[in-house]
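Lettered A, B and C in written order, each chain numbered from 1.
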Amino acid sequence: MQSIGIFKLDPVIKTILHTIIFLSVWSGLWAKTITVCPDCTHKTLKQGIAAAQAGDTVLVRKGTYKEHDIVIDKPLTLVGENYPVIDGELKGEIITITSDHVTVDGLFIINVGTSYTTDYAAVRVKRSNHFVIKNLVLEKLFFGIYLEKARDGLVYHNKIIGDAVEEYNSGNGIQLWYSHNVRIEKNIVQHVRDGIYLEFSDDCSITENVSTENVRYGLHFMFSNRDIYENNTFEKNGAGVAVMFSKEIKMYNNHFRENWGSASYGMLLKEINDAEIKGNTFAENTIGINIEGSNRVVYHNNDFLNNGWAIKVRGACYTNSFTENNFMHNSFDISYNSKVNDNVFDRNYWSNYTGYDLNKDGVGDVPYRPVKLFSYVVNRTPETIILLRSLFIDILDFSEKVSPVFTPDNLVDENPMTKRILW
Amino acid sequence: MVNIIDLHKSFGKNVVLSGVDLNTDQGGIYAILGPNGSGKTTLIKSILGMVLPKKGTIEVLGENIKIDSAYRNHIDYLPQIANFPNNIKVKELIRMIKDLRGAKNTNEENLIRRFQLEPFLNKKLGNLSGGTKQKVNIVLTFMFDRPLIILDEPTTGLDPIALIQLKELIRIEKDKGKTILITSHIMSFVEEISDEIVFLLEGTIYFKGTIAALKEKTEQPNFEHAIASILSKHHA
Amino acid sequence: MLKILKYSFFDLMRSRWSYVYLLFYLLLGIVLLFLNNDLSKAIITLMNVIIVLIPLIGTVFGIMYHYNSTEFTQLLLAQPLKRSTIFLGQYLGVALSLSLSLVIGLGIPFAFYGLFYSDAIWDFSLLLVTGAFLTLIFVALAFNIALSNENKIKGFGYAILMWLFLAVIYDGLFLMSLVFFEDYPLDKASLIGSMLNPIDLSRILILLKLDISALLGYTGAVFKSFFGTNLGLFLSLGCLVLWVILPVWRLIYVSKRKDF
């Protein structure tokens, strides 16, 4: 845009021109392709980018390019052919995008520098919009794709494989910081600190990503509102997925699996209001959902399968509703740490339900109490977990069921379903 | 045949045998007698190794019984109460005992005929009368041809015909040169068949010898009175 | 020993109690499958039932068999057989026929329900292995009690008390002591406590299968290595084997020194 930028133009006309030029660039009218390869005139990416005009395509042929601090400061398409290797030699950041309308596609980027003071990334988008980052493979990285005050972009089909072991010296796979309206789709993120991290980032959508075996969280929200994430898979992460201090998040059809450990959850909700959690599957997690200080959250049509605790409620959670979920084979369905309950449980299926349905309408005739006395005992003395499924504990739970003393007496599902709910 | 030296046995505080010495020759019928609780059954069970002595040694056919259970191959034993597994047939029981002892040459057919047990062979033991069970018990004992026979109250529940058959059977075995130890409460039976009396009293052998010698010692013309006189003298 | 085993086994196979037991398991399997309509759920229910019931049945059966066969035992004792042979044979006869009833009784309904085509087969095998172990252990314990008590009523009473203690009371005391000493590190103590009770041991085997997610929620390092690796499985199985060996060893020891 620099060629136009030298004229002083009325902002409206500037925008129109801007669009016209951009559309032309997009259709390839004025665009040319600059090829970079070890035997070409342009032997490095930096040379290629320097030689390119706004709107050009820089084509990187197969080969290894030992470069870092590559700055893309004009609207370009940087495309790799057969995955050329960009080796940062652990010296620092590798690609920094400071211009709008940049596409980076098909590169194999390795050896990002690690630092305790600077968050070096494989690809950083800085204060830019309309970027597309796709088909990248990132390995041996610190931070992967770092969006800093960027907006209206797409991060698509990248594969980020870190080798993080500890939290303090590792970075996140995809990080958004003050970045709004970004789509993150079909990425695979493994072995980094947080798979996907959003901080102060609103109106983003996170779809069909697979985030597994990360040191901390598969997905992490902080102070981000109105985001939606759906059809993602989060598996075997150190602590699962954390959604904190955010409003109006929609969480649909995600899979949370095998997040095992003492501080591990399928999902952690902390200070979350007005969220919708629908159609998700929480399977084999130590805790399916851990809820703290979250209000007006709707839980509908979720599967909770074989978790240690399907839902653990730790205080200050009001007006949440749990309807038509399946709670199957969890060691504990619901755990509460207070006697007060202001949440609604209705028409869920509980595999631990032992009541009957005489009129055969699919709804059990006896209400179900999902909180067991034993879960209180375990909260207090964790070692007692070893007595789970003991006859003595069953007797204890039964007597509590008959006359509740420790558990909130209004915490019941009045209409427990007798068959697994399908949707 | 059986050689017992200084045998002691007590159950808890109750001393049953206190220094029994007994030596039997090969061949002959020895009747072990004594009042109730005098230790007859304990003595027999000690010989069989079912009761473990506190002190003393027992030899059967020159073998110390502590060492090996194989000596029991030389013994036929008739236990006091004939109670068998209820849901097993007579035929099967006979086959089982034969199998357990690993014996081939047995004469159970003769014995079955002698005690007219043919109609019961396919019946379960639980459905038999006490007498019939005792007959089966006798068959099980005598069908093996072993040098030492121990009979604990063999006449229990037998009808007169069976009793006659039993006596005859014992005589036949004796004639083969076997040693037979018997306990019984039926004095006439003892008098009729036994060669020697072993009289137990308060855990020791009070008398050992022939019936004639016993009569002489007690100066009683009658065997039953002789026994009674020992008991009454002792209690006096 | 094999001969005694054979006869005890056939003797039991003829006894109507074996059939009652077999029928009970058949019914239990069918009813559970019918009510749950789901193999794995039926297996889970069964596991809860079995760790309490098998010990009870094993105890009652073992003690009944021992007292009922006193005369038969006497007959055997007079035969040229070793005592260890007689009692081991009888013990194995009872334990194996009970185990067989369990396998057949539960196996038939589950097999018809399509067990072999389902993932639940491993859970089911674990269930049967645990059941067999519990049978072996509790029949051995019952034989021990019977051997040490001539008085049938007393022996029966002790046996039932033992079952009640191991199935319920032990866990109650265990729970109370854990809560009482909650300020101390307890993970080792709680594991050792479970090893000392065969019912708890079997329960742990089942927990390893069903509740691993919950167990890994606890922070203790000992817990973690126990439940997080195969250590727990092998240690529990090893302890179960010990729980069979020790009572059987005592059975032989006592039987050698007992008067009949």
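The rule we apply is simple: a residue touches a chain if its C-beta (ideal position, glycine included) is under 8 Å from a C-beta of that chain, and two chains touch if they have at least 3 such contacts.
It should be emphasised that the depicted structure is a prediction, and the values quoted were computed from it without experimental measurement.
The minimum number of touch steps linking chain A to chain B comes to 2. Chain centres here are means of the Cα atoms, and by that rule the chain farthest away from chain C is A. No other pair of chains has as many C-beta pairs in contact as A-C.
Of all the chains shown, the one with its CA centroid nearest the global CA centroid is C. With centres set at the average Cα position, the gap from chain A to chain B is 89 Å.
With centres set at the average Cα position, the gap from chain B to chain C is 42 Å.
Centre-to-centre separation of chain A and chain C, using mean CA positions: 48 Å.
Every residue of chain B that touches chain C in the complex is listed here, in rising order: 11, 45, 48-52, 69-73, 75, 77, 79, 81-85, 87-88, 96-97, 99-101, 140.
The part of chain C that touches chain B in the complex is made up of residues 3-4, 7, 11, 14-15, 69-72, 74-83, 257-260.
Within the complex formed with chain C, the chain A residues making contact are 260-262, 264, 284-287, 306-309, 329, 331-332, 351, 377, 380-395. Within the complex formed with chain A, the chain C residues making contact are 40-41, 44, 47-48, 51-52, 167-169, 171-172, 174-175, 178-179, 182, 186-187, 189-191, 193-194, 200, 203-204, 206-207, 210-220, 223.
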